[in-house]
Amino acid sequence: MTRVGVLGAAGYGGVDFIRMALLHPELELTYLAGNTTVGKKLSDVYPFLVGTCDLVIEETSLEVAAEKADLLVFALPHATATNMVRQALSMGKPVIDFSADFRLKKASEYRDHYQEHPCPELLTQSVYGLPELHRSSISKTDLVAVPGCYPTGAILALAPAVRSDLIDTSTVIVDSKSGVSGAGRTKLTLGTHFAEVNESTHAYAVAQHRHTPEIEQELSGLGSATQVTFTPHLVPINRGILSTCYATLKKPMTAAEVLDAYQDMYAKEPFIRVLAEGELPRTKDTTGSNRCHVGIVVDERNGRLIAVSAIDNLTKGLAGAAMQCLNLVCSYPETMGLEFPGMWP
Amino acid sequence: MTRVGVLGAAGYGGVDFIRMALLHPELELTYLAGNTTVGKKLSDVYPFLVGTCDLVIEETSLEVAAEKADLLVFALPHATATNMVRQALSMGKPVIDFSADFRLKKASEYRDHYQEHPCPELLTQSVYGLPELHRSSISKTDLVAVPGCYPTGAILALAPAVRSDLIDTSTVIVDSKSGVSGAGRTKLTLGTHFAEVNESTHAYAVAQHRHTPEIEQELSGLGSATQVTFTPHLVPINRGILSTCYATLKKPMTAAEVLDAYQDMYAKEPFIRVLAEGELPRTKDTTGSNRCHVGIVVDERNGRLIAVSAIDNLTKGLAGAAMQCLNLVCSYPETMGLEFPGMWP
Amino acid sequence: MTRVGVLGAAGYGGVDFIRMALLHPELELTYLAGNTTVGKKLSDVYPFLVGTCDLVIEETSLEVAAEKADLLVFALPHATATNMVRQALSMGKPVIDFSADFRLKKASEYRDHYQEHPCPELLTQSVYGLPELHRSSISKTDLVAVPGCYPTGAILALAPAVRSDLIDTSTVIVDSKSGVSGAGRTKLTLGTHFAEVNESTHAYAVAQHRHTPEIEQELSGLGSATQVTFTPHLVPINRGILSTCYATLKKPMTAAEVLDAYQDMYAKEPFIRVLAEGELPRTKDTTGSNRCHVGIVVDERNGRLIAVSAIDNLTKGLAGAAMQCLNLVCSYPETMGLEFPGMWP
Amino acid sequence: MTRVGVLGAAGYGGVDFIRMALLHPELELTYLAGNTTVGKKLSDVYPFLVGTCDLVIEETSLEVAAEKADLLVFALPHATATNMVRQALSMGKPVIDFSADFRLKKASEYRDHYQEHPCPELLTQSVYGLPELHRSSISKTDLVAVPGCYPTGAILALAPAVRSDLIDTSTVIVDSKSGVSGAGRTKLTLGTHFAEVNESTHAYAVAQHRHTPEIEQELSGLGSATQVTFTPHLVPINRGILSTCYATLKKPMTAAEVLDAYQDMYAKEPFIRVLAEGELPRTKDTTGSNRCHVGIVVDERNGRLIAVSAIDNLTKGLAGAAMQCLNLVCSYPETMGLEFPGMWP
C-alpha cells in the first residue's frame, strides 16, 4: 500500500488522477492540496466524487505532504513547484510531476520555451514518463516527468517509423486536434468560453507551440535527428487528441510493411492498439481510458506515411500516464487502476 | 462466479452493461448475442473495447445461451424477447430484462401503450428493478424488469415526497431533458442525425409518452394515487437525463423540512445523493456512473415543490440499474462492479 | 434614414443588433461605444464582421452619441446606463434599452429584484417592447424597454391562453431551457467554461430568477392576475430558448379549441407561427431569426395545457425584438432588416 | 428578374441556396423539385422557412422546370442528373450544378474516382465555379460546376502560393476538418448518428478522397503541376471546414513576404479576407456567410508554409458559391443576395 499526496488536486489533471487512484487497490489518497479551493471537500468542487472522495483540500505544505504521503504527485503548472520537487526528493519522496519542468533534457531548451530553469541539475535525474519508450528507466527513477498531452499523441504515432528508420525525419508534420479540457480549469479565458468555441474549430500557436521540443527530443532519441512542424487545433469536445502525422517514406513501402514495424514495437504494449490496415482511430474510442489507438495509411502516390493516433488528453495524455509510471516506480503491475475501458457513447 | 449471457449485446444498453461487467470481480461474460453484428467481435463494433472484450457476437439461441450462462441479460426492445424470457425462466435461468415487457403490473396498461401482452402470467412474477423501492423483492426474484430511463429519474425525484405525503399527487408534472443516446443505436432516423439535433432542443411525445404509466404505477405504490403530466425533451448531449418535477405541497413547508423526508428515505442508499439546500444537480455529475443526484427547491410564494434529479440514462437509467439488480439477485454486494465514480469533465 | 448609435456594441446583444442593422436599408450605424474594447474595430473583436462593419469602437460619451446619432440603442447591463438614458431622452433622442431597468412598471418590484431605482419617474414613460402586446404604444414612445429573453418566450407561449381566459392563472409553471449565449460575453465564469457546461444540463435560480416579475406583469396585464413558478435551465447550445409552460385548463378543451385562441391572437403577427396540432417547436428552427414558434398540447387526462415556444434568445429574445421596436418607433415597416429566415442546419 | 428552379431542393445544399435566394432582389423561386419530399411544402420539411418559403415540392420534371424557370440549379448527387443537365442546356437554360459531374476536365479522372462519364463532351463547356480563379469564364458560360467543399477551402488557401511560385508543389499536404452537414441529409448512417460522432473526431478516406483530383487540377492550373496528400477529418460541428495546408517554401521567406502574394491575389476579392500576420481563421467566423478567411504562418525553422482557410462548407463551400456564380452568369452584382455577414456566436 502506498500513501499518495496530490498537489494541485482540483485541476482537471489532478482530479482525473484521483478518479483512477480511487479504483487502485494499492493506493490510498492521504493528502490533497489546492490553492483557491482550500478548505473545501474535493467532492464539493467536483460533485461527481460525492461519496467516493470527500477528502478536504489542504493548504500546500511540503512538510505535511511528506508526513502524510509516501509518494507525491505534483499536478501544477510549470515553474510553480520546481523547488518543492527538489525538496521532496531530498526528503526521500518519489515524485510524479505533471508539469513541463523536467521533460526537456537541455536546460537551454527549457529556457528558450519557458524560462531560466531553477534546478537544471535535476534534468539528468528525471525520466520522461512515456513507458513505451523508457519503461526500464522509469521503474528505477524517483522523478518522473509526465509527458505533455500533444507530445504523447505525436510520439506514439511516429515512434515505430523513426525507430525502424522508415521516414525522412526532416519531413515530419504533426497536425493535432485537441479537446478544450486541455486548457485546464483554472484560467477562464474568452478562448474557453462556451459560446465562443462551441461550433467552431481553429489552429493556434502554429509552429511555435512549447510542446515542439519535447516531440523532437523523444523522436530524435529513437533514430535520426527529427525536426517537426507542429500545428495544434482546438475542436469543441471535452476530451481527446487526434494527431495526424505526415512524413516522407525513405523508400516505397506498403501499408502492411509499415504496420509490421508498428506491431514490432507495440504488440506487447498493454495500452497501445495498432489498428488493422484500413482502420483509423477516433478520439472517443479512448475517452476516459489510458489507451492509445494508432492507425496508418501509406499514400503510395506521393510516397508519404500518414500515421494517426487517438488518446484522451487528460488520461493517456496526462493523469493515466502518471498512474502507469507510478505503477512502475512502485513495482505494481503496470495496468493496475487503469482497467476502465472507457465507455460508448 | 456467475457466467452471464447478454442478448442484444451490441446496443447501447448492452454494451454499457458489458463495460461494467468487465470490472465486476464475480462475473464472467460467456455469451453475447446480436442481430446485424453476428460473427464480429464486440470490439470490432465498439473499438473502445479492443483488448478488454474481444468476444465474438453469436446468433441468438436460447439453447446455447442456457448452456453457456447461469444468468441472462436481455437487452432488447419491447415485445422482441418475451417468449424467450419465459423459456429462460422455465430452464431455471434468472433474467434481467431491459425492455418494457415486465414493468407494468396490469396487462391492460401494457396493451394500451404497447400491444397485447404475450405472457401476462409473468407480470405478477416480475419485480420492478428499482432497488430503492423494491430491494427486498428484487433479491428474491428471478425476473427483474429494469425500469425505463425516464421513470427512474422521475420516480427517484418524487418518491420521498409521495411516500411522506407531502404533495397533492394530482398536481404532478415531470419535465425531462434527455441525451440522444436514449434513442439507441439501431434505428437511424432524421431525429438522431447529428446536424439535425445538434444545437437544438425540443419537446416530443408530450403527455403521451409510454413511460408515463410506469411513473404513475410506482409513485402510486408509495402513497396516494398519482397522475402525472410527462413531457420529455431532447437535448444535444450523449448521456444524461435531468428530470424537473413539480407538485403542489399539501401545506406550507420549508426546503429544510422537505429535505428531511428525502434524507429519511435516501440517507443509506449507496447510489442516491440528496444535495444540500440551495444545490441543484447537473447531469454530467452522474455521467458514466450508477449515481442519482437529487436536489429540491420550495417555491414558497406558490406553495410548490420543485424536485430535480440527474442520472445517466444508460447507466442508472438502464445498464447500471441492471447490474445493481443482478447483484441483489446473485447475493453479491449491491455496489460490486459499479464503483466507477464517473469523470470530469 | 436614421443614424443609430449603439452603446455596449461589443456584447452579444449589441453585435446581434448590429448584424441586422447592416442589412437594414434605412439605418446607418454612426456610433459604437464600448468599454474594454475601445479603440478597436468592431471587426477586430468579431472577425465575422470583417469587411461589413469595420467601425472603430469609441469611448462612451453621451455628447458624442447625441451628436452622431438620431436614436440610441443601449445594450448594457441593468443599472449601468439608467442616468444616461434619462439624459438621452432629455436631449430628444429616442432610446431602445436592452437592460431590465425600464421593464417593470413598479419601482418596488425593481428594488426587490435588482436595487433602488434611480429614475422611477421614467417607468410610466417606458413601454415594454413586445410588439405582439404593445404595438400601438411602442409606436408612440421614445423609450422602449426590450423584454428579457426568458419572458419573451414565456409570455408568447401563454398570452393567448390568458387573454382568452382558458387557464387558471394560479397554476402556471414555466420550465425554460436556454443556450449559453444568454450569459453574455463579458463575464467569464466557471459556469460558461466550455468543458464544464458541454455535455451537461442543469437548472439554476429555480423559483427566484429575476425574470419572474416580468412574466407575471405582462401576463396579468392580459387577464387574471398570474403567478408563475419559473425554472430556467442551461443546455449546451449557443442560441435558443425553449419554454415549456404548464397550466390547468378552466374547463375541458380540445387542442383544436385552444389553437383557435392562439390563431386569433397570432394569425397576423409577422414573426409568430402557431404550429399545427401535433407539431412542436425546435429552437433551431428560429436560430438567427426574429421568429417565435409556438406549439400546444392538451393533456386531456389531466386537464392541463402544455404550451411550448421556441425563440433565439439573442434575436427575438433581445436584439431582433429591439429592431422590431425600432422600426415601430421610426415608422418603418415592422419587418425591415429582419428578413433573414435563419438557416438549417 | 430571373425565375429559378431548384432540383434537389430539400437537401442541405438546396435549402441553403434557397435561404439566400429568398433575400436576393432579382431572383424568384418558381420551381422546387424533390424526391421523398414531393407534395410537401418546403417549410414543412424545414420549419425555419415557415412564412418565408411555403412553396410545394414537385416531382422532378425537366419539362415543367424549363417552363417555369429561366435558370436551373441542380442540387443533386453526382451521376444523378447528368443527362438532365444536357437536356436543360439544349433547351437554352443555364445550369448551376452542385455535383461533381462537371468539375474535372478529364473524363478519365472522373472515371477513376466516380464512374464512366455519360456526357464527356460537356466537360469542355463547363466552367469550374470558383470566381476567384475563373470569374471571366463563369460570366460567359451556361454550365457552372460548383466546386466541392473541401477543394474550395484547399484551393483558396494555396492558390496565391502556387500562382506566385513560392512553394515546391510536390510537397503539398492538405489536412481538413469538416462539420457533419457535409455528409448531407438524405443518407442516414451510423457515421452521422448523433451519439456516435458527438464528442469525437477522426480522419477518414485518407489519401483517397474523391476531392483530391479537383484540388490538383485547379492548383496545377495556376502554376507548376501540383500533387497533394489530402486528409479529411470529421469534427462535431454543424457547419464549417478548416483546411490546414502545408508546403515547403522554395526559398526562405518571411510571413510578410508571403502575405504580399496573398494580398496581391485577394485584396479586391469581395468574399476573401487575408488575415494579418499572427492571426488565424476560425470556422465560426464564416458560418452562414459566403466568406473565406485565410491566414498564413511561416515555419522558418523548417522552411515551410502553413496556410489555413476557413469557410462554411454549405455556403462558400457550396450554395453560396453557386449564388456567386449565378450572379456572374446573370450579370447581377457578384455579391447580390450574399450580404448576410454571418452571426456570432
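Things to note:
Letters A, B, C and D mark the chains in the order given here, with residues in each chain numbered from 1 onward.
The definition used in the following text is that contacts are C-beta pairs under 8 Å (C-beta built on N, C-alpha and C of every residue); 3 or more make two chains touch, one makes a residue touch a chain.
Small disclaimer: the values here were computed from a predicted structure and weren't measured.
Among the remaining chains, B is positioned farthest from chain D, on the basis of C-alpha centroids. Taking A-D and A-B together, the chain pair joined by more C-beta contacts is A-D.
Chain centres here are Cα averages; for chain A and chain C they lie 46 Å apart.
Note: centroid distance chain A to chain D, computed from Cα atoms, is 39 Å.
If you average the Cα atoms of chain A and of chain B, the two centres end up 36 Å apart. Under the contact definition stated at the top, the residues of chain A that touch 2 or more other chains are 12, 181, 185, 195-196, 198-199, 236-239, 281-282, 284-285, 287, 345.
Those residues of chain B that touch chain C in the complex are listed here as 170, 173, 175, 177, 195-196, 198-204, 206-207, 227-229, 231, 233, 235-240, 242, 244, 246, 280-285, 287, 297-299, 301-302, 304, 306, 308, 310, 345. Across the complex, chain C meets chain D through its residues 12, 15-16, 19, 22-23, 46-53, 181, 185, 199, 238-239, 270, 273, 275, 279, 281-282, 284-289, 291, 293, 339-345.
Within the complex formed with chain B, the chain D residues making contact are 12, 179-181, 183, 185, 188-190, 192-199, 236-238.
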